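Quick one: the structure is below, questions incoming.
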Amino acid sequence: MAAAETSAARRDTVPRLLAFNAKHYADKPAYREKEFGIWQSWSWAEAASEINKLAAGLLTIGLQPGDHVALLGRNRPYFYWAMIAAQTNGAVPVPVYQDSVADEIAYVLAHCSARYIFAEDQEQVDKILEIQDNLPELRGVIFLDEGGMRKYDRSRLYNYLDVQAAGENATQKQKADLAKREEAQTGADTCAMLYTSGTTGQPKGVVLSNDNIIKTAEASSDFDKLSVNDSVLAYLPMAWVGDFIFSMGQAMWTGFCVCCPESTETMQHDLREIGPSYFFAPPRYFEGVLTNVMIRMEDAGKFKQSLFHYFMDHARKIGGEILDGHTVSTSDRLKYGLGRFLVYGPLLNTLGLTKVRVGYTAGEAIGPEIFSFYRSLGINLKQLYGQTEASVFITQQPDGQVRSDTVGVPSPGVEIKISDSGEVFYRSPGTFVEYYKNPKSTKETKDKQGWVATGDAGFMEKDTGHLRIIDRAKDVGKMKDGRLFAPKYVENKLKFYPTILEAVVFGAGRDMCTAFINIDLQAVGNWAERNNIAYSSYQELAGNPDVYKMVQNHINEINRDVAADEMLSGCQIHRFLILHKELDADDGELTRTRKVRRRVIQDKFKDLIGALYGGKSEIFTKTQVTYEDGTQGSISATLRIEDAVVISVQETAA
Amino acid sequence: MPAEFYYGVEVFLNGLMAGVMYSLVALGFVLIFKASGIFNYAQGVMALFAAMTLVGFQNGQIPFAHLINAALGTEVHHFGWTLPAFVAIIMTLGVMLIFAFLVEKFVLKHLVNQEPIILFMATIGLAYFMEGFGDLMWNSDVKRLDVGIPKGGNIWVEESTAFLGGEDFYGFYLDSLDISAALIAAVLVGALVAFSQYTKTGRALRAVADDHQAALSVGISLRTIWVIVWAIAGFVALIAGIMWGSKSGVQFSLSLIALKALPVLILGGFTSIPGAIIGGFIIGVGEKMFEFLIGVPFLGGATENWFAYVLAMVFLVFRPQGLFGEKIIERV
Amino acid sequence: MSKQKAPSERQNSYVTADGRTIGPAVMEMKNITLRFGGVIAIQGISFDIHEGEIRAIIGPNGAGKSSMLNVINGFYHPQEGKIIYKGEVRRPLKPFEIAHQGIARTFQNIALFKGMTTLDNIMTGRLTHMNTGMLSQALWWGKAQREETENRAFAERIIDFLEIQSIRKVPVGRLPYGLQKRVELGRALAAEPSLLLLDEPMAGMNVEEKEDMSRFILDVNEEFGTTIALIEHDMSVVMDLADRVVVMDYGKKIGDGTPDEVRKNQAVIDAYLGVSHD
Amino acid sequence: MKFKSIAIALALTVSTPAIADLTFPNLTYRTGAFAVSGIPYADGFADYMTLLNERDGGIGGEKVNYIECETQYKVEKGVECYENTKGEGSLVYQPMSTGITYALIPKATSDGIPILSMGYGRTSAANGKVFSHIFNYPANYWVGASVVVKHMLDENGGNIKGKKLALVHLDAAYGREPIPTLEALAKKHGFELTTIPVAYGAEQKSQWLQIRREKHDYVTMWGWGVMNPSAIQEAANIRFPMDKFIGIWWSGSEGDVLPAGDAANGYKSLALHNTGNDFPIYADLKKHVYDKGLASGAGDQSGTVLYNRGIYSAMLVTEAARQAQKKTGKSKISPADMRDAMEAFSIDEARMTALGLPNFAPSFSVSCENHGGNGIAAIQQWDATAKTWKMVTDFIEADMDVISPLIAADSAAYAAENKIKERCG
Amino acid sequence: MLYREVGEFKTSYQSDQQTFPITSDRLVVLSLIFIAFFVIPFFITEYMASAIVLPFLIFGIAALGLNILTGYCGQVSLGSGGFMAVGAYSCYKIMTSFPDLNIFFCVILSGLVTGVVGLAFGLPSLRIKGFYLAVSTLAAQFFLVWAFTKFPWFFNFSASGQITANERLMFDIPVSGANVAAPVAYLICLIFFVSLAFIARNLTRGSLGRKWMAIRDMDIAAEIIGVNPLTAKLSAFCISSIYIGISGALLFCLYFGAVEAGDAFGIDKSFLILFMIIIGGLGSIFGSIAGAAFLVAMPVILKNIMVDFLAWPVDLASHFEFLIIGALIVFILIVEPHGFAMLWRIIKEKLRLWPFPH
């Protein structure tokens, strides 16, 4: 026992952090999950006991140190416990994107040679059983929800509760073994393996050590003064490094409470109930919520609308200032206070963000409008820049230095350098160990000194020391005439319109830029309803002339904007079309984190690109699609191509 | 035959007559319920209001005189003329028509498709309103109503039946007013039946009663129907008001006769005109006979106040569907 | 899924193709005749329902299927015949007494309590398991609160099972048809019935909803071992779900057996000829 | 919601200025089921008060502050009116409703405000030993019952043995009030009493058929509101001799007989006071009130029975106030002064003549023991052609030998139930 | 707008099922109760008490009772006036028979007696439904009132037929009869009101309440899922009558002091109470209270405005009062047929969603 205590004092592995929390924060809530209508809660002491039982149970069914334990399911306390239980055994947890297509899951499970898999329910178990022939290493599947599996062959299927029960009944020797396994671990040992979604090619397993995770968690927690009294809503995929660092790393380090929603559909509702103080969401989320806010406000009565706009204008003016601690006149402050009572407070209340003390967004550029909207409401929303390979944190914005166009200063302990080609490199305690079974890629990404290439082009602002990211390094190109081509830059601008969901801009090596547009079905549908435009499908709405006109206006505005910047004026969009289908991860057009796979799209819609550059006014096309149930089909449509107003640089000069 | 028996017969006959009076009120309920499914509690107040209006017109009362005097400091009460009964009746009918129109426009239109209880409540609200309105318009004093209907014991009946009993027996007492009421009720029912059978509007009303949707598809405006039905109910209310008003003066408690019509309706069914008549008979005879046979000898009298309701309740316990309703087969 | 051929008139346990052991008969209908006035709704029908099986009653419209369910759960009392439930002849009971004997049902036309939420509706299904005294309820102290909490927990498990968490506190009147059907099933399940009667559980549903409902019915049968008798029009569903099928036409029984047997039965084929069913 | 309403109500209550004149509240009912009786009474009462102010500048130099409060004859409204007005220095209450009187008896007693329930309310309140603050002079229901019997005796040469008297009464407490007295009198005089209750608002056919059947010699009626005209009509219908039909004073106003038309001719009722407008006071009323446009209500009730009762009632309390002023020597009197004066109240023909009401009402006096006056009433008869009431008897004294023990018994029961100690020595 | 609910999560069924799950609601209600008990008694005037507050509390209790029967169990009753009379007369009989019994027990016992009577008059509900039942409950109304004026035993053979509340003392303070100080009467009524509202809430949220609502929403289905219609309906009748009886007893011994059945408990009371719950909202505790407050306060306010403030002649004001109340009832039903409760629910929902419209 004494040994355990000293090792707990070391706080260098996750199980030791658990022991520490169970001792110091015994009665503080560790995990909550909405289930059966209420928030089931576990204190750290209870969680530790659950985890220890499970760990022992895993040992009894044969888990060995070094084994890979995959997890397939949505965010649930049991899965977090399963990861820690695996770690206690010295095994490596591998959370997997549960809504990936079967192929991807199969690849990951096979690639990591998963020995045991935690699966949520029948649906996930079925996925595994389908591919079990490719998983020779697989020893067992542990499920949480037995529903529908009564008839299944039980030789390699375990009920989670049974495993725990087995752990409870473990022999003294087994318990001792477990303690030994736990004791043997060091900070250098692997903490988890997370697969990167990878914009190209197959996912890569990023091996992260205990040191990686814990050091990063420690530094980032200190950075934002996270404490045991904070709470976070765990709703982003468990396989994503962000969730791992927030819900595992930081939660274990600070002892704050991890709350899991009841289901994906109820996330917004659960968010409102639980009211986390620490919140992460991708820009897409904030954008969606804002769009939703605007749409809902359009249905409001005149009085409410004007009230809303009046106070939102005020907030936009000084909300951010107040948040950054700048001096603001008393009358403005009073007015802001009134606004807080009438608009901001209720708004945050309905969005569930009232209690958010620290909010982060990352992954993509966030629209300045969107960003300032939330900040003006008083949410301390900040940006960070990170990667799986860095255990997330590369740069982040300190309080009071928050801007929408930078990603902040290097996180504590992180060094950054910009290569000659403009690519950003970093070196940090969080830098990953290696790509699993992929020394080649490891070598390509991480050099001997430990510098890791991010693949993003960017620069450090001289006066502020903030990092600015322009685009993917490989995507920043040149147009035919040598002008700079930064598609992401334009796309992001386009996507800031609530009606535009996705945009893909082409122009590398060509004489002009063109674009594919995906409209936002919800926003445009709403607009259509108000304007009495009937439609039966996305395709029909996308082809509507009025919709085209609207998008055209947006593009014209963007062009004006882009033309103002001398460097990027070549990126004005000359011609565009609205795609007849939504870009979809199932069709491989987007990554699982919904990033555009430019190559795939270029390939798949070759004919459309041809038409854009070929001067045609419309084109017939047929496209392969994957339906929700995984079957393949195709849709066809005749797409119109429209020109946008382009401003020549001379004009702007004049 | 002992005199007691003839007294019993006399009570029975008077019960029938009282039943007719109840039926007159119940008829108005039935009409509205049939066409719109509304249980119109205001029917009694409508009778009161119609009678007040009739007397007011007859006597040349200036409507809202008190209000005008209070507001303008004037001293106006009467126009100074009196109108013949039939002119006043026609004018009153006009008022009831306007009333029906206003009810449709300001109340019913806004309550389409509401639950019955809500509509019922709305008509109670309407009753309150009309009570205040009527008083405001015509004052709340008791008014004598005389449209020339004979009143008092019918001497002919009395004399021609006097031989039946012994020395103490005067002959059957029947009130001429009640006899007139029975005749008028018969004519009224006949007229209503003829109206619903032989006129286009009448057929439309029946169509609505049977099936709202079907009626709509024939192209009848439900709202027009409602105005017509309420106007007819107003007409029936006027007749009830005339009869009851001739009997005991036009005053507040006329509105309470609506309550007495309820057990009649329950027995006869909400949708049946013959049911209303027969229900009236049962209640009228029942309460008079009960008072005669049990109430006065054993219970100290004044049982008429509750007997009708108890009778209705007991009756319903054995026959929940009422007198004319079909046996309810419950389905799931 | 193919089912083993099972003898139709067997009093004792049998084993299905997928290896489930079906227990002895829980409910035996003997020569049931039901008349409404002069109309004969059911004429001398006998059949049984075994413990743990899914028993389907099929037949064209007006065949008397719903009346049959109504007889089973005591809403109608047959003029002739015997009902043997769990080995004992059942005397004529009121429907609520039969509910207390462990027979629950759903209705062809949804009969949910429209003024209540999903949760409350499901809680009404627990009423047969709640017996706190009025005083305790009035003060909301002791047993009342405990019982409410326990039954709420049970209801929540049903909600979880039927995947209707997101509509827990929505008044059922506002729910779409398919979900209402699901809530109604939940209400019946909440009673922990030993015999569950389903009257056209999939009527008016689209393919996806039907699949969900079929899955729930099978799961109920498997997980809780509940005996199920159901009426359904969709033949493919019936043939997939049911262990045994009774076929009725004009109040008479014209077939009884495994789905395969019934499918080949000439009388059944005749009855269905020209009858359009969805 | 709740609190807001209270706030408004409070604001409104507070905003009413409290005037330190002689305040006479009057609980009236100009609407509802009994408006027909309430209106003339209220008009008479109000006009008399107006007259005092206009002609004399009030009473003893103090303006009269007359407050009317509408009760619709409903008890809760009456209570509300009482609470609403009692804070304004109200000297005496006249609830004009037996139900409200009952509700106010204990309240007013504990607030120290006297009540005058003239010819209604609790009969046994005449016992001043128990009911310190309640007065019901000049007559009560039992007096009325006795006077009816006295009248029968007069008409039959003092012998009514074997005669049949029917009491048609409202089936309520009020209607049943005379029953014990009549029963006692029936025993004493040997006549036969039948009580025939009538439910309020009910049609009375069967009751009158019963009377027709049983061939009563006399019918007396304790009716109210719409019951009266219906009964008179029905009596006429069965051709009951109208001069044998005697109503209580609440069944004897124009509104009761007019609807029956000529058939009501000869109907009799008890009277507390004289009727018609053939009194000098009407000249004053015309001069100071009507012609100045100050008449209360529609101004069309002048001279009716209940209008005169309003005048009478107003006169009785204002005279009591005058006597209180004299007794205390101050012009602004308190309710307690008022009570003391009412207990020592006396009025005679001379005073009434001086007030312009000669031959209007009887002389009587009140004492601590006897709050009911001398117990006298007269009989009036309706003349349908002239449409006037005429007094046909003098004021008749009731048979106090019969009544007094009844009063003593009932008030004793009340005293026992409410643990009241008897006063007056 | 006023709501800040973020972070209000429930970790147990108890807290999820509590009456006011939102903390701010709970605080507001608790502070209202606190004010009602510890502040208002020091400020209440006799006029406020007798014109508005006492009738509100007393009729509020009756409305709660009727709402249990009509709003929750779906059985429309027009007999409330009669049941109030039972409460009042049994209170009188109990008070005069047991001169030393505490007033609270007297009132509660009266309620229980009324419950038994209600049970008897509820029996027809097993066969009769809807309007038919409503009309047959009129039998209770008229019969009971008739009986109370007819049989002298009920009023201890008093000549007047009136019953008078005699004085009771508790801690040497009069707690019934005429000498009850306004704050005392108020507090007694308030105690009954608050505890009965609490009990009503408890009864309606538990299994009994669900039985009632099941019967209300679909009686056949309710029976098939195991609700015994007999016990469900009769318990509703009984409990509802207990409430109404208690309110009748309070009306008698703390408000009127003396009553006669025909005067005080006529059919107009039945309608008044029915109005309260319909205007307030069927099947809602809040609705009963709001409806009672509205219908008690509104006429008084109208009268005060018209007579005291605008100095209209009382009869005109009274006519207008009828007219306005009638029009308001119709108006409210048109605006929101489900009464104040629904209106409040909508407003609350709006406040919770503010600034969004839906």
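Every chain is named by a letter (A, B, C, D and E) in the order it is written, and numbering of its residues begins at 1.
Here, a residue touches a chain if its C-beta (ideal position, glycine included) is under 8 Å from a C-beta of that chain, and two chains touch if they have at least 3 such contacts.
Owing to the predicted nature of the structure, the values given are computational and were not obtained by experimental measurement.
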Joint neighbours of subunit E and subunit D, given as chain labels: B
Between the pairs A-E and A-C, the one where more C-beta pairs touch: A-E
Nearest-to-centre chain - CA centroid comparison: E
Of all other chains, the one whose Cα centre sits farthest from subunit D: A
Farthest-lying chain, centroid of Cα atoms versus that of subunit B: A
Chain centre separation (subunit A, subunit C; CA means) in Å: 46
Mean-CA-position distance for subunit D and subunit A (Å): 89
Where subunit B and subunit D are represented by their mean Cα positions, the distance between them in whole Å: 35
Geometric centre distance via CA averages, subunit E-subunit B, whole Å: 33
Multi-chain contact residues (two or more partners), subunit E: 12-13, 16, 146, 150, 220-221, 224, 313, 315, 319, 322
Multi-partner residues of subunit B (at least 2 other chains): 66, 135, 140, 300, 302, 305, 330, 332
Shared-contact residues (touching 2 or more other chains) in subunit D: 30-32, 35, 39, 171, 199-200, 297
Subunit C residues within the subunit E interface of the complex: 73, 75, 94-96, 99-100, 104-105, 107, 111-116, 120, 123-128, 130, 132, 134, 137-140, 144-145, 147-149, 151-153, 187-188, 191
Contact footprint of subunit B on subunit D as seen in their complex: 30-33, 35-36, 39, 171, 195-203, 205-207, 209-210, 212-213, 215, 225-226, 229-230, 233, 236-239, 255, 258-259, 261, 263, 293, 297-300
Of subunit B, residues touching subunit D in the complex: 7, 10-11, 14, 17-18, 21, 65-66, 69, 73, 75, 77, 135, 139-146, 151-153, 168, 170, 173, 175, 247-249, 251-253, 256, 288, 291-292, 296, 300-302, 304-305
Residues of subunit E touching subunit B in the complex: 76, 124, 127-132, 135-136, 138-139, 141-143, 145-146, 150, 220-221, 224, 267, 271, 274-275, 278-279, 282, 312-313, 315-316, 319-330, 333-334, 337
Sites on subunit A touched by subunit C in the complex: 35-38, 146-148, 150-151, 262-263, 265-266, 269
